[in-house]
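Next up, some structures in structure tokens.
Consider the two complexes below, in which subunit A is the common component and subunit B and subunit C are the respective partners.
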Partner chain A sequence: MFRVILYSQWKWSRFIIGLGTVAGFGLPILSVQSATRTGDHPLQAGELLQTIQSWGALYPVLAAALAVLVAIATWAPDHRGRHVHALTLPLPRWRYALLRFGAGLALLAPPVLAVLIGAGLATALAAIPAGLQGYPVALAARFALAVGVGYAVFFAISAGTTRTASAILLVIGALIVIQVVARVAAVDLDVVTRLQILLVNWPGPLAIFTGRWMLIDV
Partner chain B sequence: MYSRGCRILIATLLAAPPLVGQTVGELRARADSLARDWRQANALADLQDTLRHLARRSGRDTIRVGALTILANTSPLPLQEAAAQAWPVIERLYGPAAQAIAEHPIVILAVDPDTAVDRPPVGPGLQVPWNLSVRDLTRLLQSRVDLGPVDPGLREWLRGSLLLRDDTARRRSMVYVQLVTAPSVAVRRCFLGAVAACRDALSLSEAPDILTRWYDPAERRALATRMYLSPAGAGQTRVLSCKSGNDSACLDLLESSPPARPLDYEARFTLVELALHVGGRDAFLRLLDANPRDVADRLAAVAGVGVDSLVARWLGEIRAARPVPADVPPLGTWVALGWMGVFAAFGLGSSRWRVS
Partner chain C sequence: MSNAIELQDLHYRAGKSFAFTNLNLHVPTGSIYGFLGPNGSGKTTTIRVVLGLLRPRAGRVTVLGRDMPADAPSILARTGFVPEQPHLDPTLTVRETLRFQAAFYPSWDRTWAEQLLRSFDLDERLPFGRLSKGQKGKVMMLLALAQRPELLVLDEPTDGLDPVVRRDMLTALVDYVSQREATVFISSHLVHELERICDWVGVMDNGQLITELPMDRFKSGIKRLQVVQAPPDLAGTPFTLLARESNGGACESWIVRGWEPEMTMYFDGIGASLQTVIDLDLEEGFVELLRTFRAPRG
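Now for the complex of A and B:
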């Protein structure tokens, strides 16, 4: 059953996976290209770290994009077909959803592997100044976790009903309204910032996406 | 008769000793001394005003732990606990010299953290919200330790005040990053183990060619063009010449501005800190003694070892303080896996098919 679901999801999301794999492989290589150039004045450690940090901002973006697109692709055909195929299967819903979740995670493995291979290759090719080190495994592991968390979040949202999605939107809208009213009334209440801190600071769910993503660091 | 009287007068004038006036140096010293007294009197007057103000506003507390003396208004501020935590650190860092802080009490005005009412000035005192934590208050007290003035030679070399704090590991990690990333050939050689280069990088040697020892031509060019981004007049010609590769133009530009040292205050401060640590309890007293004038010799005297040994040990300590690069905390992986499980469970747990 899993292989069948995996194959069907592969057909739906192979374009996304292919693009993600190429991007995942190319990103680390591109980030160190200035350190591999054989110029008369190669990048010094400080400049190299700045370059790596700038490129590093793209890893969480790639992770989030892959997570969203694969999660949508996982459920989109079911939603379009009004779940008729799923309902014909002799499976409880949770098991069917688990198979879908597992298949999506398996399909996200190639981009993660591509990041690992690309990062390993990039650190091997780069002329790393003394005192700096490459962290390809740590970077790839973090990328894998970010992809996994992002995929789980959007999988849950996609799997929900329209009512669930409406409820989430309603809560977000209510928070914004409260914030605006509080500001107009000059009340010292900052709900949005507090919520943001809860979400993106450890141990918040999106904390894995934040911070510095450094392939090469001290 | 007249001529005799005249002769006696002339003889008396000639025999009289010359009048002694004061030299310019003496005059300057007296003026400086007056200015010092004036500043001290002003500081005391400010302190008196502050104390009077505090006494008028509310009751006043005097907290003493060791030589640490704090004058504050009555409030829930945990001053006693903070002082009890701050004093052992101050005593450890400054040794017997710490006793001198009894002459410089810290004045604190605890204020309501939630009020928007304008607070009156408290002179040399500090306004502190009374909900400050013991930890933050301890740090604040440590940072306000005043042992009197440090001599100008040391201050000029350090380029900052000499305030010891109990965060050596963090400072050393910062210096490690500097040693690795500073665009200076001296710093790079220092990191690789050349003690002489470390002396240059720490500005302990006063060689006339120090700029060429700090930076190679490419670094000088980059530094000069960064320092003179939008020059005017004759400077523009020199900057253009420097940009085109004329090293003497770059050197001219760098020499015409205050020396851009390759390592910052933290690096020099960690060296002083290490010298004090190596030198034992009386080390801070030796540091305050302005003899010898040369900073390298003085640090050697403070530590009780040769300056090269001190610098070599400093380098070892800095290299051992390599910061942990990962931004994901130790439990971060498990937290992320936990969130993944939670959201996956939400996805699996929905009891209905989405049919609309």
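Now for the complex of A and C:
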């Protein structure tokens, strides 16, 4: 069962996976290459860290993009058929959802591996100044975790019906309205910032996406 | 006689405009049950409840002797379904679709699937999304049959298809039923088509099951009578008078239900004369039944 579901999802998400794998492989190599191209002189530690940090912002973006697109592609065949085929298959609904989830997760493995290989190559081939070292495995592990968390969140959201999506939008809309009303009434209430802190700061579910993504660090 | 499908006192509401209340329906095991009704009468909703896609507010749904939706996976493993709208992954080819389906059904008959693929003249390399409506219908029927189900639930499977495709699909269905003695629950607008293959019939309108009986009783019980000099007020008719229309002069046309030949005596008693008794086919019977059901009750 897993094999046929994996194949069906592969047909929907192969372009995303292909692009994600190329980007995942290229990103660490490009980040180190761009630092070495800044001049003929040997790499300066400060300069290198600055370049690596600025490129580092792209890892969570790539992880989030992959997570969202693969999660959408995971449910796409079922949404197209209004879930009738899936719901008439002879297996419990939770098991079907688990198979879909697992297949999507398996398809995300190539981009994660590409980040690991790209990061490993980039750090192995670069002359890293003394006092600094490469963290390809840690970066790839963090990328894998970010992709996994993002995929799980968006898998759950995109599994929902139009009614669920409307409910989510309604909650977001209500929060904005509350915020605007609070500001107009000069009430000390900052719902949006609090929600952002709750989601993005540790132990919020999206904390993995924030902070510094450094391939080379002290 | 056991029932392959049994709905007991079913209550279901979809929004404000449509509801079932106290729906009772019985599909005898081994029968081919034709489920008739106009658009919006609740046929597809009933089928979705039977398959566990919708959950009723109250009542009991038993399919193949098990409770739906509690035992849904084991029921669905023994049930083939052809929906009104094809709902398969449009990116998979016919061959890939067959492989996908086979992975979920232990009873999948690979040899027969290949035979059906050939007899339906389907190109296995084409993606499902690029097939014509008729070809999609054939693929749906193939998938339902190749899993060797005990129960086939077909929701207007031949709607909008050309006569050749319809014939191919119904032939495959009848062949399967004769081999396997499976139960078929089939809804359709094409009344003549059902008349040929069904041995039971149920008629639904506005969320209510108007009638449910063997096809031969349904067809033989509904007649058009030509009556002369009938009095305006009738009392104690031994049959159900569905409709009464004047043909001009003293001649009237009556549509009756529950007709038996010995009931001709009744006309002598009321001073009228019965000229002819005409058999109605299923379509005429269906239309008259609906007309009577919808007529305002005085």
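The definition used in the following text is that the second predicted complex is superposed on the first by the 208 of 218 C-alpha atoms of A that agree within 3 Å, B and C clash if a C-alpha of one lies under 4 Å from a C-alpha of the other, contacts with A are read in each partner's own complex, and residues count from 1 in each chain.
We take it that contacts are C-beta pairs under 8 Å (C-beta built on N, C-alpha and C of every residue); 3 or more make two chains touch, one makes a residue touch a chain.
In this text the structure is predicted, and so the values were computed from the model without any measurement.
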| item | value |
| --- | --- |
| Superposition on subunit A - do subunit B and subunit C clash or fit | fit |
| Which superposed partner A:30 touches (first subunit B, second subunit C, both, neither) | neither |
| Chain touching more of subunit A, residue-wise (subunit B, subunit C) | B |
| A:130 touches, of subunit B and subunit C: first, second, both or neither? | first |
| Vertex subunit A; arms to subunit B and subunit C (CA centroids, nearest 10 degrees) | 150 |
| Contacts of A:4 with subunit B and subunit C, given as first, second, both or neither | second |
| Which of subunit B and subunit C A:87 touches, first, second, both or neither | both |
| Subunit B versus subunit C as contact partner of A:12, first or second or both or neither | second |
| First, second, both or neither for A:68, with subunit B first and subunit C second | neither |
| Touching partner for A:189 - first (subunit B), second (subunit C), both, neither | neither |
| Subunit B versus subunit C - smallest C-alpha distance in the overlay, whole Å | 7 |
| On subunit A, the residue positions that both subunit B and subunit C contact, one per complex | 82, 87 |
| Residues of subunit B touching subunit A in the complex | 176-177, 179-183, 188, 191-192, 218, 322-323, 325-329, 331-333, 335-337, 339-344, 346-356 |
| Complex interface listing, subunit C residues touching subunit A | 51-53, 72-77, 79, 81, 83, 85, 87-92, 96, 99-100, 103-105 |
| Complex contacts: residues of subunit A adjacent to subunit B | 41, 44-47, 49, 75, 78-79, 82-83, 86-87, 93-94, 97-98, 101, 129-133, 135, 138, 141-142, 145-146, 148-149, 151-153, 155-156, 158-162, 164, 202-203, 205, 207-208, 211-214, 217-218 |
| Residues on subunit A engaged by subunit C in the complex (per definition of touch) | 1, 3-4, 7-8, 11-12, 77, 80-82, 84-85, 87-92 |
